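Consider the two complexes below, in which chain A is the common component and chain B and chain C are the respective partners.
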Partner chain A sequence: MSQLFRPGANTFAKASVIAGLGVALGLGGILNNIERTSYVTDVNVPRDQPVMFTHKHHVSGVGMDCRYCHSSVEVSSSAGIPSTEVCMGCHSQIWSEAPILEPVRESWRSGRSIQWNRVHDLPGYVYFNHSIHVTKGMGCQTCHGQVDKMPMVWKENTLLMEWCLDCHRAPEKYIRPKDQVFNMEYKPAGNQAELGAKLVAEYKVRKLTDCSICHR
Partner chain B sequence: MPKRITLAVIVTVAALATGCRQDMHDQPRYRPLAASTFFPDGRSARPAVEGAVARGYLKNDIPLYYGKVARESKEFVTDIPVKVDKALLTRGQDRYNIYCSPCHGASGDGEGMVVQRGLKHPPTYHSDKMHKQPVGYYFDVITNGFGVMPSYASRIPVNDRWAIIAYVRALQLSRTATLDDVPPAERARLEASGQ
Partner chain C sequence: MDKELVQKPIAVGIAQDPVIGPGHDYTTVTDKISELVLTTKIHKEWVIGFLFSASLASLLGVAMYFLLFKGIGVWAPNVPVGWGFDIINFVWWIGIGHAGTLISAILLLLKQEWRTSINRFAEAMTLFAVACAGMYPLMHTGRPWLAYWMLPYPNTMGMWPQPRSPLLWDVFAVSTYATVSALFWFVGLIPDLATLRDKAKHTVSRYIFGALSMGWRGSADHWQRYEMAYLLLAGLSTPLVVSVHTIVSFDFAIGIIPGWHTTIFPPYFVAGAIFAGFAMVLTLAIPMRAFYKLEDFITMHHIENMCKVMLATGIIVVYGYFLEVFFGWYSANEYEKAVIMNRFTGPYAWSYWALIFCNGLAPQILWWKKYRRNLLLVWIISNIVSVGMWLERWVIIVVSLHRDFIPASWGYYTPTIFDEAFFAGTIGLFLTLMFLFVRLLPSIAMFEMKLLVPAAKARPESEGGH
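Up next is the complex of A and B:
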């Protein structure tokens, strides 16, 4: 009777143990990384909106401040989405016939809100407040990216907890002078590590890694 | 044996699938300005009932809240009803540049970016007519709008409106100031620099 396994089978058996381990690790790696891809996080994916509103034109082109429309960002948890009245302040006269703005005019005529699609969707178990961030020297651009260069807005960052913690553990990496928060072109004057540490002390930024800071 | 394996597979898949539920993520509560299926107009943010007064917002200080001398009066106040100091002017400059400069221009001449793109030219602040308008008039325009200008009441709180008015007055002064208005110390420095 001939042998069932040839001598080479030993090598195959050893290799399969290692390969099996590799496959297991690889699967783990894929599972670990898949939630960080833009397929899941929507990072860098421009979101469709009922109106083709462009921040690029309004901020870079016209030079409007973020707060002209997002007027509650300094005093409220929500930055605020402008009412149709704010759009119509200019667009009752400028581009008042443009087909692209028909949903805005329709909202104005009917009194029904424009239903924008949310770009940044934090989980319900996360407490977030815009006002404390912008009044303690966190620039809009730090989290939202260069919105002034975005025709249609996309998410610049994952909003994963690890991303929040990256700054909450070391705010000195990103903090900027209070008068530069709304400047989309801000570059630190000098060394961010030195300037950051100074600002964290000056603005009395507290310890930010207690669970209840965000999960309250 | 195969039965056990089938059962094991079903249990494992079921256990994994329960991890996919997003109940905690999408909690049954409204976030600011979220849509609602409950109210007929589709908004979760409800308009205040007419006549409602938020605690601490009773507008019984007529000059401060209306820019008029008395409740039923049409006469505008001529003095800013809050303390005018450097802090108020700085705040006014900040707010002016956010909310007013797109149309009225950074210097108040009415040459803002939006005007350059086709909006009706607002009057310059630097005319004799606008100099003579009482501060209450400016307050009224910010609060209720004027001509094509919409109301800014929802975006600019009352104190900020007065801060902006103080800054507009400063802009106006900047065009009519003479050398005599410069404090002596600063004046020496100006003259030394030859301007």
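Up next is the complex of A and C:
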């Protein structure tokens, strides 16, 4: 009876073991990295909005405080998106004829809210509360980046769970004095490790890493 | 004279029934076993059995459809009985698998010749039982496509699985068990696959068996390495016989639920697993042996030995039941006592007494040789034991949980039609795989059987090599 396979088949069989392992590991590695690219996370991708609103101009140009528009950030889970009335508080007086602001005036006339596009969209199964973070010394800029330098806002951080846990496991790495929370230019005076540990103790910040803290 | 003395131990080991019928030589063994696979004839009975099993297995598909599209609410578990059919059947199936590993690994290391004709399909049974068992933890999550979350891999959640949970130990225990069992089974098949490759007439089957036999030529080098690899795998499998069900028992014993929190659980679960496994081997072997006329290979010697293992492990299991009651009293804990009394007299008392009958009383008949040789009776007892081992898990899980610490949260667990369909479906899957196995692969190890024929024995022991 003739041979079914040529001797080369043995080499092929051995190579396939290594190749199989390589493909499996390689695929795993690729998938693992794709998850962290901005293609998936939208980090650093400016989001289109119905109004050409620029944080850069309003914060670093005009010098407005975050809380003028995001007024519920210290008392509520949501920081709050300003109503059209808040915009019109100024823009009925200045730039009241600017074509760029027509969508705002349209909203004002019709009474329909402006449909802003959400930049930071947490999944529904995650509970998040702005007020506890800002009142315990977490700066806006720590999570949102230097919004005062963003013409159109983008996500500065991934919002992946590993990112949340990075701080929840070691809040001393990021905590700042309470009076510096809304400062976009904050730099720690001295060593963050020392200052952080001191503030964590002073503000009684706990390392909240139980599942049910966020997944309620 | 000298030669006879050497052979004496074998003669003693097979006091009355030989491990292989008379009149067999190398050729007849190969022909008889390979013929079952290579024949083009399709038995009507096989087709009927296969179609029946496959339709049961398709019920599994239906049950899974409802589970995945409607959610796990279609299953009955709920407060206070948070674990129901899913874990009962998981433990039941895993237990059944254990006999295969015991036969193939421990009995090999102990040089028990009678394991030879039953090890192959007992190992197949192990694999299929583990596959059925795996369905439950996988499906009870309701989102089986995320099952990889149970494995430790670098992920964007910044999390590792919880190493303090016995359920995670289960993941590793069962996946190791499945991997080693599959490897052991496949390595054991290689020389036989080569035989089939050489005997097959059809080109396609020659290529399939050829590829599967991985270039086996039967050279002395091959055999030497093969024996070593097989021995190493047997050594790897041996601790698994004990470890897997020990860890499964930890799912309960680590918890602080009265009725679960006892130290007897690991040995009692392992014995129960072997008990259930041998019952399943007998349940499958007796009809297969009759249908394929394999009386020469699976002799009364095998049947009797399996009955004896069943009897011995059954007694250990009964000892476990006794100790559970003892612990209930000795703990001086009112909740422990209440659980035991609830088993005796509570709403599920029927299941406890049925369990005592199935696992405690019924197998005792196997003390008598006359009954161990009565195939129909042995088959019935094996089935009773399978039912008994299922009831054991029912009693441990449902009966311990349904009366919570506070009477206000007491409940009564009744499985839904979807629980039942899923269970019936896994039985169907198991039988379907068994039917395919006996048709497509040699269900008895040919090359090992050949070591048992008189021609192999005629040589001095040192050359026998096994």
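What we mean here is this: the second predicted complex is superposed on the first by the 196 of 216 C-alpha atoms of A that agree within 3 Å, B and C clash if a C-alpha of one lies under 4 Å from a C-alpha of the other, contacts with A are read in each partner's own complex, and residues count from 1 in each chain.
The criterion applied here is as follows: a contact is a pair of C-beta atoms (placed from the backbone, for glycine too) under 8 Å apart; a residue touches a chain by one contact, two chains touch by 3 or more.
The model shown is predicted, which means the values in this text are computed figures rather than measured ones.
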Which superposed partner A:Q93 touches (first chain B, second chain C, both, neither): first
Touching partner for A:M152 - first (chain B), second (chain C), both, neither: neither
Touched partner set for A:A13, first chain B, second chain C, both or neither: second
Touching partner for A:Y68 - first (chain B), second (chain C), both, neither: first
Which superposed partner A:E85 touches (first chain B, second chain C, both, neither): first
Partner chain in contact with A:E162 - chain B first, chain C second, else both or neither: second
First (chain B), second (chain C), both or neither touched by A:R36: second
Overlap of the chain B and chain C footprints on chain A, listed as residue numbers: none
For the chain C and chain A complex, residues of the former touching the latter: 153-159, 197-198, 206-207, 210-211, 214-215
Residue ranges of chain A in contact with chain B within the complex: 62-65, 67-68, 71, 76-78, 80-81, 83, 85-86, 88-90, 92-94, 111-113, 115, 123-125
Complex contacts: residues of chain A adjacent to chain C: 1, 4-5, 9-10, 13, 28, 32, 35-36, 158, 160-166
Chain A partner contacts - residues on chain B that touch it in the complex: 24-27, 29, 31-33, 35, 41-43, 97-99, 102, 113-114, 117-120, 148-150, 154-156
